[in-house]
Structure formats: structure tokens, C-alpha cells
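Input: structures, listed below.
In what follows, chain A forms one complex with chain B and a second complex with chain C.
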Partner chain A sequence: MKRFIKGLTGAVATAALATTGAVQAQEDDTITFGLLQDFTAVYTFLTNEYNQGQQDYLTLINQEGGIDGHTFEAIVRDHGNEPQRGLEAYNRAREEGAVLMDFLSTPVSRAVVPRVLEDEVVLITPLHGRGDASDGETFPYVFPMMATYWSQAAVLANYIEEHEGGLEGKRIAHVYIDSPFGREPVPILEELAERKGFELETFAYPSPGNEQSSTWSEVRRFRPDFVTIWGAGGGQPVSVQTAIRNGISPDQILSVVWMAETDARQIGEQAAEGLKRFEAVATGTDHPIIQRIQDKVIDEGLGAGDAENVGTTYYNIGVATMAVSVEAARLALEEYGAPLTGEKLRDGFHMIEDYDAEGMMPPLTFSEEDHQGGGYGRVSEWNGEEWEPVTDWFAAYQDIVWEEIEESAAGFREGN
Partner chain B sequence: MFYRLSGVHHTRYQSARQLWPIPADRRIVWGLLALALLGPLILSDLYLSSYALPWLVWTAAALSLTLLMGVAGQLHFGFAAVMAIGAYTSIHIVRAGWPFEIALIGAGLTTAVIGCVFGAAALRVKGLYLVMATLAMQYLVDWVIINVPAISGGAQATLQTPDVRFLFVPLESDISLYYGALLWTVIVTVFVLNIKRTSFGRALVAVRDKDYAASIIGVNSFKYKLLAFFTSSFLGGVSGAILAFCYYQAVTPEQFGFNVSIQLVAMVLVGGLGSVVGAYLGAGFVLLAPIFLTNFVAFLSNQGLLDVSTNLLSHIPLMAYGALIIGFLLFEPLGLAKIYDNIRNYFLVWPFRHSRS
Partner chain C sequence: MTFTYFLELLINGALTGLMYSLVALGIVLIYKSAGVPNLAQGAMVMLAAYLAWMFTTMMGIPLYVSIALSVVAMFLFGLLAERVLLRRMVGQPIIMIVMLTLGLEIFLRGLAPGVLGSSPKSLELGIGLAPLIVGDIFINRAYLVGAIVALVLIGLSLLFFRTHLGTKLRAVSDDHISSWSVGISVERAIGISWGLAGISAVAAGVLWGSVQGVDWTLSSLLFPAIAVVILGGLDSIWGVLVGGLIVGILGSVIPGVLDPIVGGGTRNVVTSLVILLTILVRPHGIFGREDIERV
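Take a look at the complex of A and B:
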């Protein structure tokens, strides 16, 4: 028993030393962000590239001298998509002075939302988390920052309306992974079906989506004109492959934001030609920020990961999230001065107007009411080699989206 | 020497049959209880709310499962679903305006009844087949929760727990939440410890060891299997409610997924089947070891001692964790509880070498 207790105290003491060490290492003019993400469980299909993009962008800002001498530091931890580990990482990062958190995991973000509201720490939930957090009045510290799944569905529907010969009379199948995430856009699509007069049918496939044949043979019987697919990771290429096998051509398929180069290659570069996806952030290395990262971070050997990932879909999304966050920090420091707190950072976000990360993103504007930034996006198409944008940045049917946001946010205020 | 056994003579059945007949054990238990009660004073907020609190709640859950798996020998691979039923029931009862105390009992009873329905499979099947039946429960419950918005709470599928009072104390601050969880864990601990020395507990053990042999000696295995499921599901349901109200303060389907069921089974197995100490050690190990390892590896990397990619860095703790589980089970197949027991036996007779058990 004694031996055991001795061992235990030893372990606790080491851990305690580890924490105090980390706290002391931090200097006053450093701004700390908590990038506490899922590197090992469900979100692994993007976490690596996404997080690499985030870290590289912060390194770039530090290389360029920071903001008024303030440099950025990222706490990067794995939470394995488990809420209790996420909460631990969150509490620890908060003690270490982090003013902004990104969990890149819907379950963990959901678990943390009530706490960040209480602790006044900024939580960004780009392309994950609660869509209704776009309502800044109900969720003052939560920033979805990019188009919610509701807005994505609206953008895709509007694309069919504008570019593919209208929605009226069309048959649209929504094929989704059987989870709250897959079901999320359904109310928007239903409302649009009613307004625009198209026929909507929804088809669920079981999680994790490695096997979808039975679902797609039903989809084939429905004979859809267009299919929206709502999944993530490994299920996505399976969706497209099974669709092709069932006689649905890739150019009839429109995907949620989770569709990257690797997915297209897995389907087959030629086979996937014509496949369309929602795009929140431009892909490729042909952007000033990515070029600077290449020059000042990657070429200097300071990159956080494999140099090949630079410019991929998820890498650029990661860069964009940090670009917006750093912009918010810059505005906040300009207005209120150091030290940066969660509250100041939140106001910094509210001050962002038409920020497009030097052309990488749609122009984002946040306000106290709107934490989504307008719900902009565009549609891009796989041309056999890369994702090529086929529209300009636009937002669609935001009235319907906001009805949904407000209804859901009202539910949150009542405890949902 | 350490346990000072000399001079400990039990002259009455009452004293020989108490929970801890050796005074030194009693002192350890009281000491640990005192430490637990002083928790909020000696632990920082971080360790109180992110380590001690979840450890306590998961221990209560592991104890409920060890009663079923270890004492009664009925395998259950869907225990997270049991906790989910408790969590959702309690939250809906509270939202309907009833007091929290009633909600806890209601959660326990609802869970016990539903748990019994699935446990009824145990009357026909055993071992791996029962594992399949309980797995079915896990998936069925998950499916129902996700697909019935009235249960899961609309599009976002999140229900926040309302502010509640437990025995006139508002469960709001970290400290009150901690004591709430501690109270429940102590109750479950004492309950399971006592069950093992009642006729009920002995009947469960008889059923576990051979159910038809139990029937031959007059133990109604039909009744006791169902009772085992009833009791364990009751405790599991209340633990689920405590987990929701005292720790997560919100309920979402992912909190009670299949992986959580596996974690619970791992807690019971790594800790030691049927052991109360084992439930504490197992829950602590399965819940906290990944966190400690992640922080330790991150610390090494911050100190520049470990220069690898972020991706590998996050997987090293997993490898170490896996190796630790295998290591512990190779070292002592009966779990952490047996390791503790070995150490205790060694010190019972120290400085002599041989102990009786």
C-alpha cells in the first residue's frame, strides 16, 4: 500500500511539476491559443492537416514579428474525441492562459459550450459544433466563423437553382450518415423543397459509412436529379463510389465541405470528374498567405508537419481559422491594448469587417448578432486533377438559415 | 509491523464479520475518506473538476458494472446505454418540474426496468452470446435516442441540465458537484461491499460459478439473474444521472456511445472483476492514464526531449497506454486489485515472507 501511495504521489508530483513548468515558461506578451483536437479517433481524416495549417500560420505571424511584439503560442493536445478528456484539456489550457480554444470535435465543443460562456473564453467552431452558435446574442463567446451546415446546404441548393437549370420539379436525394450531423441540413432542405417546389427524399446510411450499398440502391430507385451527400472522412469516397456503381454520375453529386483531394484520388482521379463540393476556404498554394508560409516557415524548416500538406483543402481551412483569429486579436489589441483577455478577443471578432485573408476566403463580417460571418461559400468541382471553383463566393437563403438558427438558439436558452 | 495484527482477536461474530476486521484497514479507509472529503481544500480547481470528479463518477459506474460482471458473472457490453437511459430519464423528469431526488430514483427505476428487459436474455444465453444481446441493447438505445428528438432534444441533440438542488444544496459550484458525486460513490461503494456478504450476494456468486449447480442447492437462478440486472442497472442509471448533472452538465448521445461501454468493461477488467478496490483503480487507470500520458508526452516535447510530428506525438500516449494495459494484465491477470492485494499481503506479515492467502 505504502509503495503504491509513494508511486502515486510521485506520479502526481511529476504531473504537477509539468504544469507549473509550462505556466512559468509563458511570458506576458505571448498570446496563447488552445488547439485541443482529436488526433487519434474520429476526426483524424483532417486534424493533421488542419492543425498543421493552424500552427504554420501562427509561426508565420511570429516570424513576421507578431502583432505589436505579441507572439502567439499554441497548446496542441489530443483529446481523442472524448468529452471528458476535452474538458480536462480545456481546464488545463485555461489555467495556462489560453484565450481561444478550438476543439475540432462536435461532441467536445458541445460539452464545453456552457463552460466557455461562463469562463469568458473564445471558442471557435469552424465547420463543426453547434450551428445555432451563429446567434451571437445567445452564444457571445462561440464563433462558428464559417458557413454552418445549414448555410452549406443553402449554398448547394442555390447552386442547382442558378447553375443547373433551377430547382423546380427536380428530384433531390439527401444521403447522409446516420447522426445528428448528417440530419442537420434536413430542415433547410425541407423548407426549400416547399418553397421552390422540388421533391426531397432523405436516405441515411449507418455510421461509420464503410458500407452503403443498400442505401444507394434505394437512392437509385428514387431516380434523383441531384444528390447531396453529408458525411465525413472514410464514408465520403464510399458514397461517391457506391453512387457511381448505382448509375449516378459524379456531376449530379454535391458534397458537404468534407471532401478533399485524398477523397477524389481514392474514388479515382478520372472517375470523380465532375464531383462538386461546398468550399469554405480556397484550396491550393496560389495565395499570398500560403506563399509567405512557404517562404518563411516551410523553407526555413519551421513547419509543423509534412511539407506536402501545404495547400491541401484542410490545411488551408486551418490557416484560415487562425488568420481570422489573429485578425481578431490584432483588432482587439489595437482597441483595448494588452493583455488580451477572452472578452477583448470576443470584441475583436465583432470588429472584423470584410476580412478575406488576402483572398483565401469569402469576405467575413462578424457582429454581436452574427457569429457565422455571413454564411458565404462557393461550389468547386473536381476536374480530374484538382478542385476548381465554379462559382464566386456567395451566400444563399440566409433568411431560412437564420430562422433555423434562431429556433435552435431559443431551444438552447430553454436548456436544449 | 505495518498492520499490527498481533493482539487483534475477534471474540464476537459481529466484530469478525465487520467490513474491515483489521484495524489498519479501517484506518486506511478512514484516511482515504478524509482525503476525499478534504479534496476541495487540497486539490486545485483543475484537479478537482477534471480529475477527481470524473474519477468518482466513473468509479460509481464501474462499481455498478462490477456487481453484474464480477459478482453475478453476467457479461454486459452495453453499460453506457444503461447510463444513458438514467441520464436522459433524470433530465426529463427534472425538466418536467419534479425535484432532483425524485428524478434520481425515477432514473434508477426506469433504467432498472429497461435493463431487466434486456437482461432477460441472460436467462437463455450465457457468455459471448450474452455479450451479443447486451451489444444489441447498446445499439438499440443509441438509435432510439438519436432518432427520437423528444428524447435527445431537437436538431443539436444536446440537453443541458437545469439547475437543481440536492437535499436543499444547489448543485452549482464545483465543490457542491464534487460532494454530490462523492456522496453517490460512497453510497455505491458501501452498498456493493455489503452485498457481497449478504445471502443475496452469495446467491449471485453461486449463480456466477455454475447456474445449474446453484439451482440444485436451491438458489433460484432465474430470480437472481434478473435481480442482478435490476440492481446493477438501477445503480448504473443513477450513476448516469450523476454523470450528467454533476460532471457534463449536459447530455448528448456521444457521451454514452459504444466506446464508453468498452471503457467501462476495461475499467472492470483492468481493475479486477468483482473487486471494489479494483473499480476505483480501474476507473482511475482507464480514465486518467491517457490524460496523464498525453500531458507527460507533451511536457517532454515542450522540453525539447522528444522531437517528432504532432501526429506521432498524439499517438505515443496511446501506444504507452496499450502497453501499460498489456503489461499490467501480464504481470497480474487478476487486475490492479490483485496487485494491491499482493502488496497488502506482503505487508500484512512483513518482515516475514509468507502470507496465508
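Take a look at the complex of A and C:
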């Protein structure tokens, strides 16, 4: 709440300055990012920690002198997961000189895509938004930046193939929230089922997922060897708890990226032991960037939120998104000099090669064609206390993933 | 569909429906005395769960003491809501009073997560996760406990309306002016009904919160609860019981058949149809009085 009020206050102050003409787009040394997110509606299970990580990383860079004297400023506003409010927030942030936006909301990001393509502003959509935006030729200013849900499903399937005795002949249940997000990985899993010879069955539960008992009755009767769960927020622990109550062991369950420490504690720290998830960014505080944030931001009283959040799953994802974005800005400024524009920043992203945020994430490489960064991730397991990686970073079945990306991107091109 | 699978859907649907009844009970308690359909009941359930979590986790108070404190706090909240909001609306059109409760719902849904944090909170009641499978029929332990609590609260509510105070509340529900004329404090009666709705919100919030975690989505339980009270009758405690069972069973068995065919979750469609068909066919519900004025 304190962070939220602080963010809103900062945003109001920035808006006031904008009306007096004090802020001119990137004419001074400040680089502005618009972190316009959903603090009050659907994505509340992660927004606070995610946004806190983003702000703390930008503060760290500023504390360390910025990039050749260029410091960063975050415009933080709530759009409540409403596309119209998101567009309004986008327009204001644009007027205030923001060259990069992050809406952390699929509906809002989808609504804004045509605008950013027209306005030449960079839109990052890590772990949300359009998976087909990985096609940089169709979406030159949109960067999913991390593994799409298609790539996540591919990584989880590959984990079963490599580490759990192969896919052939297995029975895999895909249990998902009944929404486009929940259904998104189905084509990839279906294609893999055909190629690898496993039996796939899909089971939907209604949003928001607080009651799933009849769904899991069906799942139990399917007698799956493994279950992939595709939900977010409160529905995730309900899925795992109901699975356990139906006699399905946590070590048979593999989750989409939205499974955090809070979810494991909700399930029960011991009860959740063996549960696996896709991991896009390392969790914990034992990373150089997080250590520096602790020393130079948190300990100095400059943190954007509760210090206890530092190192959590969603906090670290937020940090990583800004680490990649700042790296893109650094490369762009090195190549083209100030002022930083959306076009230069886009090219900066294209120059990123094997960047891993000092070991916090898989090495990302972007190009004009690939805005996903390779589709890397790893599998981690809840060991009763924390998430422990059980694989190295890897990408899987990207040929199948890119078939899906290209088909969907072609649909976008036809419709626009 | 095998018979055992049907039976499993039936039993768990009934248990789930009784869990919905816990939310619906608060709506009926207020309607029975104040004549107002309280659309803030979902948010009151959420608020009650947040309070129980706050007492337990933030203040370190033992769980069952926390629940007792939440009961007191929510009773006081109910009294306060009546005193500060509802009493000012005396004489106003019913639609504005309904809108007021909707406004309260939205306000609480923003306030509690805003102050206490929006990430899901854990509320552990100690109900084990070990499978409870009788024959080949799975029974959800958490819902079994919730259903027992719901039956107890429904029973207590039925008894309450036979007491002296309960009779006064029924009189107030029938006619405010006549109640005033015979010396019944209508304001106090309505305040008490809001307080009782607050208590039932604690039961619903704690039980649902233990199942799904405590966050804003608890307020979305208003939707199935509305189906329960419309089907059962807005002013009937028996309706809460029967409506809950029917909504729960239909919401379990029909999706069990249809979901594999249509490839999606149909439970919310079933719940919506219950609301629509009841209003079209029997607007006062199964046990509701026909003279209920609907908005």
C-alpha cells in the first residue's frame, strides 16, 4: 500500500511537471520507463512484488551512477487490467517521454500493441501478452523477452522426456483455467503428443479457480502419469491441494511459471514437496544483482516496498525484466548516443547477446526475428523450504513453438 | 459416466453447494429483517478471511482465538455498516439501497487487499490433505468440514428465528411501520441482522480461505451465493439449504458430463442458467414468499 501510494504520488508529480513543460521527452539525461500495471484487479497476486523488483533495480542503476550519467525514472500507474485505462495511462506516459512500457496484463498489452507499433515505443511483455509477438518482423517494437507459454509447455514436456523416463506411452493431463491463457499451450502439447506418442487429455476449471473438485474427479479417473497445471493466483494452490486430495502426488505435477513461495505455503510447505514448476528467472537472494540491491537500495532505505519481498519469485522476475531493458538502453546509447528514442532502444534489444543478468536468468539473445530470446527456462522443485533448480537452463522443441508463433503472427498480419 | 463417478460428482457437488450456502446465509439473514439484498456479502466474506489471517499471522494470535476475534469484529462491522450507511437510506428507493451495497462490495474489495496486501495469504485450519476415498468415491475433506459447519449454522439460524429476538426480526421484515408502532426498534433489529451476516461471513471466509488462500477472489463467491438465494428464496433459511444443495449438485454433475464434450468449463454457465430460469419460472424461488418485491 505504502509503495502503491508512493508510486501514485510520484506519478501525479510527474504528470504535473509534464503539464508545465518541465519534462520534455528525453531531452535531459533521464530515461523514462512506463510501468503501468494492474495493482487492483486480476494480476494482484504478483504485481506488487514484480513492480517492486523493477523499481528497485532502476534505483540500483541510479545509485551506481546510471548509464554514462543517464539515470532512470519509472512512471508507476494502475490500470486495473482495463484496456481503456491502460490506453489512457499509455498516452500520458508517452507524453511524459516514456520510451518503454510494461503493462503486466495480457488484455491491456494486446490493446496497446497497434499503438506502440505506430508510435515506435518499446513494449515489453515478459510472461504475458501475445506469444506471437516473439516474431520480431511482425511486431518490431514488442518484446516478450522471456519464454512464452508455448515454450514453457515445451520445456516441461522435455523435462518429462529427459528426466522422468520418457514421454512415449505416458498419460499426461493438462489442467487449466478456462481462459485463452489456460488453453494457450494446448496446441504445443497436442503436437508433441502426436510426435512423441503420449496420451494427452485436457481438463478445464472455471475462473477464478477457487473450486475445482469436479475437474479433479475427472483427472483422477484419467489416471495420469503427469499433470501440467496452467493457472495463476489463488487457483494454483487449489489445483495442487485438490490433486493431492485425489491421490495425485505433487511430484507428478508440473506448473506454468505462476507458482511462487506463497503458493507452496498455501498448499503446505511439506505437502507441496516434489512439486515442479517452470522457472524463467532464478529465485532467492544469492545473486550478485540482488546482493547489490540489498546493499545500495534496501539498506539505504530506498526500496520501493517491503524488504521481505526481496529475492522472491516475482520480485526477481521484475528485477530481470529491468536488467534486460537497461542493458538494451546501454547498448543503444553506446551505439547511437543520446537522446534515447524507442527506435534506438528497439535496436539496443536486437544487440543483446547471451545476456544473463549476472547469472540470474538464462543467456538471452535477441534479433530482428526473435524477440523471445530463445525460449529458455529451467525446471525447479519445491523441497519443503524453497524452490530448488533440478535442471540447467534449456530450450526445447523450438521448431514446434515457432510454427505456432509464425501461424499466429500471420493471422495478426492479415487482420491488420 | 459410471455410477460411482456420478455419485462422486453428486456428493462433492452437495458439499460444495453447502459451502456456497455459508455465503448465501448472510444475504438471507439481512433480507429477512431489512428487506435488502446485500450485494456486499462476497466482500464481507473476503474481509472476514483477511481479519482472521491478520489476527493469526500478523499478530501471532492462535487460530481459533483469531476466528473468535473475527466473529466479534465482523459483528461490529455489520452494526457499523447499518448505522453509517443503511440507516441514512431509510425512505430511499430500494434500487439505491441495492446500489449502495454494491458500492460497499467494490470499496471493500479494494480496501482489504490494498491495506493488507494483495498476494494470496495462507490460512491453515489443520484439515489434512490426505486422500479420503471411500470405495472409488473421493470425498473432499475440506468441503466435508465446511458442509458440517454450514449445516450447524443453518440449524442455528432456523432456531434463532424462533426466539424472541428472531420473531422481532421477522416482524421488522414484514412491516417496518407496524413494528415501530408496537415498540420494536427497527434500527436495532436491522443492525443485528447485519451483525449476524458478518458472523456467517467469518465462517464462509475462514473455510473458503483455507481452501483457496485469502485474496480478493473470495469476493467472487457472491455469484454462486446469489444463485443459491434466488433459487431457494431470498427470505428463506430452508431455501439456503436446499438452494445450496441444488446449485452445488447441478454445478458438479452437469459439467462432469458436458465439459469433456464441449472442451471447456461449463459450471458458471450452469449457475447462470439457474438464476435465469428461476427468475423466469418461479421469481420468488422455491421457498420464498410470493409478496417479495423484486428490483
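Just so we're on the same page, the second predicted complex is superposed on the first by the 388 of 416 C-alpha atoms of A that agree within 3 Å, B and C clash if a C-alpha of one lies under 4 Å from a C-alpha of the other, contacts with A are read in each partner's own complex, and residues count from 1 in each chain.
Criterion: contacts are C-beta pairs under 8 Å (C-beta built on N, C-alpha and C of every residue); 3 or more make two chains touch, one makes a residue touch a chain.
Because the structure is a prediction, the values reported are computed rather than measured.
Touch criterion met: A:415 reaches chain B, while chain C stays clear of it. After overlaying the two complexes on the shared chain, residue contacts for A:213 are found with chain C alone; chain B is out of touch. Contact with both chain B and chain C is seen for A:178 once the two complexes are overlaid on the shared chain. When the two structures are aligned on the shared chain, A:52 is found in touch with chain B, with no touch to chain C.
Annotation: chain A residues 1, 4, 39-40, 48, 178 touch chain B in one complex and chain C in the other. Those residues of chain A lying in contact with chain C across their complex are 1, 4, 39-40, 44-49, 178, 202-211, 213-215, 217-218, 220-221, 233-235, 237-238, 241-242, 244-247, 262-263, 265-268, 271.
If you check the complex, the residues on chain B that touch chain A are 2, 28, 45-46, 49-51, 54, 95, 146, 152-162, 247-250, 252-255, 259, 287, 290-292, 294-296, 298-299, 302-303, 309-311, 313-315, 317-318, 340, 343-344, 347. Within the complex formed with chain B, the residues of chain A that make contact are 1-4, 11, 14-15, 18-19, 21-22, 25, 39-40, 48, 51-52, 55, 76-78, 80-85, 87-89, 91-92, 95, 106-107, 110-111, 113-114, 130-132, 178-180, 183-184, 187, 304-306, 404, 408, 411-412, 415-416. Within the complex formed with chain A, the residues of chain C that make contact are 5, 8-9, 12-13, 15-16, 19, 110, 113-115, 117-122, 124, 129-133, 138, 140-143, 208, 211-213, 215-218, 220-221, 251-253, 255-256, 259-260, 263-265, 267-268.
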